């Protein structure tokens, strides 16, 4: 069950409100790199967690933290919209420069939300919940989470560069820090479970007889003119310790030429196809 | 530039066509765990790759392989739809059991595609390209790829269990194998770049002064009644070697109580708010 | 800031797990009538609330409650999926009735989530955040909330009818009760602000000179053959007390015939259009 | 059955075409507050209306009116795009101010629609029909409609403020007026059916034994530090006259700690979870 | 402006209500082959029509007809849902065959719409307005329309085969007929404008100097092992009469190897990329 | 099976990088008129092709070509983003004109993709795969393809007009040329199959007894005040040679007034409806 306290997790200060930056910040709320995504992803993973209960607890605790991030980012968006023009009089609409700057704002911050945050990204596209990745497999889920936090910290770093407002930089430095931790938190679970050697291939419970193992350890060079890019993935022991990496570069289809034959009667195809 | 040869990458055989399994297989084509996703994700990452060119080449080569996976899975769906009823006469509609089984099929396989594959998942929801994760940061992208392949292998393993068609099991064992390799391929890039110790935190180019480092290494216990779930993430050296993990469990908001004050005139709010 | 306690807000018990009912329950999580919607809607309204701060506090408190509803519903879905077939052996796939019943389940509960809840509706369509209605106008928002809770209680009542599991009926009776309260909670705000007479028309701050008041109080009968359906909306004082309702049934366009003339050169239209 | 007459319902005049305002106006066509939504919502409600037929007739008549609103708004968008640059020569692209202003336009008005309206909102996001709310319950539907018209009038008022074109202001004053009426029209149905006292809780046909009535009339304070915001919703008779409002502020979970136990074999989870 | 008469354009009769067929019929309402699409597509094309006004008039008249098709199909869906189970008692839920048949129905017809039509397709996916194709180019638009009507008639023919209800067959035979006409209606516009020879290439107003004409008339064989499929498109005069078709089958990239070089500082990429 | 060669199909050169044009170009990648659409559409049509195998081969070869178009357009977007500001220092943020111009860029090109292409349109809306039209009927599919290429060439022509970069104009002139050919390629299939006279109505395999032929050849004038727009579609032989076109302009509904009667008990409607 959830509870709330009335103060924000972190202080939010905006020295110079900026409607364009409000639009940019939306990416951290409703973007695929944003906080709605991680809050909901960790919550759904927690609700489906099977196995050692401590992972479920950890997921739910961090889901709860991410909800608090949505909250203070939402406040940051609203503060950046303070003073945005609500009428063409204020806007000094005949000043083409002012008008142009407003052209870079999200019109829905004025028209739809009344100068506050929305669950959309920086293009105004609403977040959709298909981005909540939760497979029930703890290794797959931990990777999804580490990935989400990596995307999140990339985004926060870019936002940090795109503002010179001291308050916003301070808030973003906090987000950058928490994303640092969360990346490691999820990867630490994999380390605790034995690292890649034990976790891979995910799922590590798939019986070997379900796998055509002769195809499991080669890099396939599908290029007609480019040599194989050599690296850790083309030779040496596989990360799961089961085999050696190799390369296949004379690519040869192993299957048939597909042929579905004629269409059946009553298939609403053209007569010529039947 | 792309080229094509007329045979499939892998042989596809369906011994007992099954329209319900055709619907299930769609998840591997148009699901977030599916092949359109990885093909397009690797292609867009390749197109945006900066730095050592061998990673771009590798990405494009594997993108090309995944396109071939779409192709043979599409053939598998069509073969599973062979013989599906096209009229109520064939369907023996008055046999409630037959009718019920068709209730488990995707109606659009009959109504829309004419008994062939569609770019949708097993619920019939079209794939949407917001799932193409490509940040330009190679570590974030490699994690996104390892994650995608983990989800893919979880899915292929589940599909393997949900059919007893020998041909389908054979094809899925090939997919399971390639997903094994691709998981390691992307993680091997991170290992080659120095492993987590050098890659973390992602992005590793963010200047330390942009980060509120005092918040970078603690687990935040947001629970009111649950002890901190202890593990690799609560103590010991951080995975990036920069610090030690710790725990904060007396959670205290650090921010203000948010207050936006009154609404401005002309904001189309209620008078009482202004 | 948010916090969590480890127990569910309400006890969840499933006596007879039912994968079809698990699919139905998803509507209450990820449907437009569901709990993600209200949790996020109230939270975004709170973050944008201007005017008397008590409404913001109330919104956030109820948002917090709705998060707890997502949590116990998610548990209910997982419990209904206990024992669902994971392999065709278990499934006794050759029994067409069993197979048919599984045809009515959501395949992604097996393939994607590993027998747990997802943020999707009963058709498997992911929730999308465009359904978070938050205008910044308190009356419009309260109506959106009352509407959401009405849809929610309609849904919960229908779900109640569609199960005979005693545990599920008990849980749904709690949801029905809370939806009862929440409908009234939001409407009570309007009553407190003076009722419809003062709240209407929303926004009540629009200056009268911005409104073509001669068009503000008549019902327009656009039917060619049907008499005006008479009722409270066709005569008597308007609900805002500003005027009297009336009817217009000789419908006459008041505008021009639209005509955009010829297309301009360089418009990539056909030559014949230019 | 529908018919059409060639003139617009209302005169549309644009004195100073403005491509940015064309983008803004799209919100009134393809936004969730827009005319496609209400036209289709009333039409689908009419098609599913059961009970007194006059409500169905009323819904269809107003659906028809809203179709006419789409039509004249579409014309308004096209007129605002008259003269928008189609080539960089016209655009005087080297004038950065002109270029910047065009940056605030919707590129698809130039690239995709050929200077005319599209069924998208002011961010260019296509309208999606999940926003057509129609439950078959007349009270829930009337609230959905009153809510839609409230959002619509908030939007129209904000658009009015964001233009100083006399023609556009005139057209918007008509929309503001019709939204005034339509808000009251739908609420008048509820009044005619006995007002909130009889309509609540929606649905009013749910048997009381399906409802855990001990949870139906209290406000739940989920805050750890904030006193209950007192108001009409915390004391006094409930709006449905069935009970008294009260408050619960020592929040205590009533449910169990959720625990799904171990994952089953063949679930494609990690071995450690099974 | 639109008007309505109270009777349906065509008689709708359902002899044996069938909830599964109700789900199938949704494809004709909210599918990409359905009536919402054509109604809205023709309406938006009409609103953007430039050039000879008779085409705009024709588009709006047919848009109006398609609105009437939505209306009678909506009634057909509701009639097919008459008698669908609303409670598990009615449903005789312990009869697994009955339960299985309901598994093939759309749960939202019971849970969300109250036994009536929704603006969704046969998978329950809401129609989204991005499918309204309207370019402002009359030839492109006529092709989009002919295509939509072709898809529509394919669908109606398949639906006809999937029911043996005499009333439904009668209604579908009307839709098949109207789709016959509408296909020709739109193609007749192209014929009237001079046929393909004058219409192609679309747009026919693009100056020849904007086109690399040496690439305009050859079929590119991108296959490594398959001979060119010969046909009308590989030799003989081009359909626009401007040239002769030919074939290129020694495929050779004409461009450079793409190379974006190193990532810039401050790009939040990994250090190794910079 | 697919293969790749390392060079682009066509040379891409950007003389003056332009972030606004990068946003515009996205329409040609991830718009409904773009290359992802045609690549995937032709590929899915090929995978479902039944009848003469040469059409399948042709579809797959052209799908392969379109994949190459995605690739070089992706490179063009990245080149247009070279030098875009990554920090407010570079951006000279205090210069309002520079800031305004950046307001016209896609923020996600900076925040999300790291200055490279994304699978989104010029509004930043991700491509969704519901736009892959593939019915299994060759005539319907050829029309869908000709339509897609018409939209594509309209778009390319407009993009050509909106840039004065010589490199971009050169690349677009190649796309314009290939779209010229592809339009004709698909229409040539219809010509080869006997032209409209044999192809229409699509599907040409629908038995005449499934069609209410008395409704198959008239134009329905649904306008109350506008004369029938006369043209090739109102008189003369039908394009399929089966009949003569005619006109119906006294529009009379042929169906009943719809009436669903009362709502059933347990339908969660209001009591007044039951």
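Think of it as A, B, C, D, E and F in the order they're written, each chain with its own count starting at 1.
We adopt the following convention: a contact is a pair of C-beta atoms (placed from the backbone, for glycine too) under 8 Å apart; a residue touches a chain by one contact, two chains touch by 3 or more.
Here is each chain with its UniProt name: A, B, C, D, E, F = Mn-containing catalase.
Quick caveat, the model's predicted, so the values are computed rather than measured.
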* Any chains in contact with both chain E and chain F? -> A, B, C, D
* Measuring centre to centre with C-alpha atoms, which chain is farthest from chain A? -> E
* Same or different for chain B and chain C, where same means more than half of the interface numbers show up on both copies? -> different
* Structure fact -> Farthest CA centroid from chain B: chain D
* Asked: Taking contacts as defined above, which has more of them, B-F or C-D?
  -> C-D
* Could you work out the angle of the rotation that brings the CA atoms of chain C onto the matching CA atoms of chain E, rounded to the nearest 5 degrees? => 120
* At what distance in angstrom does the C-alpha mean of chain F lie from that of chain C? -> 32
* Centre distance in Å when chain A and chain D are each reduced to the mean of their C-alpha atoms -> 28
* Touching two or more other chains, which residues of chain E qualify? -> 1-9, 32-33, 47-48, 50, 57, 60-61, 64-65, 68, 71, 75, 78, 86-87, 97, 100-101, 103-104, 112, 114-116, 120, 123-126, 128, 130, 135-137, 139, 154-155, 157-158, 161, 202-203, 206, 222-224, 226, 253, 255, 258, 260, 263, 265-269
* So how do the chains connect up here, line, ring, star, complete, or something else (other)? -> complete
* Structure fact -> So, in the complex, the side of chain F touching chain E is made of residues 3, 5-12, 32-33, 54-55, 57-58, 60-62, 64-65, 68, 71-72, 75, 78, 86-87, 90, 114-116, 125, 128, 130-131, 133, 135-137, 139-140, 143-144, 146-147, 150-151, 153-154, 157, 160, 169-170, 172-174, 176-181, 183-185, 187-189, 191-192, 196, 200-203, 206, 210-224, 226, 229-233, 238-240, 245, 253-258, 260, 263-269
* **Partner chain F, residues of chain B touching it in the complex** => 1-9, 30, 36, 40, 43-44, 47-48, 50, 57, 60-61, 63-65, 67-68, 70-71, 74-75, 78, 112-120, 126-130, 132, 134-137
* **In the complex, chain D residues that touch chain A** => 20, 23-24, 27, 31-33, 97-98, 100-101, 103-105, 121-125, 154-155, 158-159, 161-164, 222-226, 251, 253, 255, 258-263, 265, 267-274
* In the complex, chain D residues that touch chain F -> 1-7, 47-53, 56, 86-89, 91, 93, 96-97, 99-104, 106-108, 110-112, 114, 120, 123-126, 136-139, 193, 199, 202-206
* Asked: Quick one: in the complex, what on chain F touches chain C?
  -> 154-155, 157-158, 161, 224, 266-268
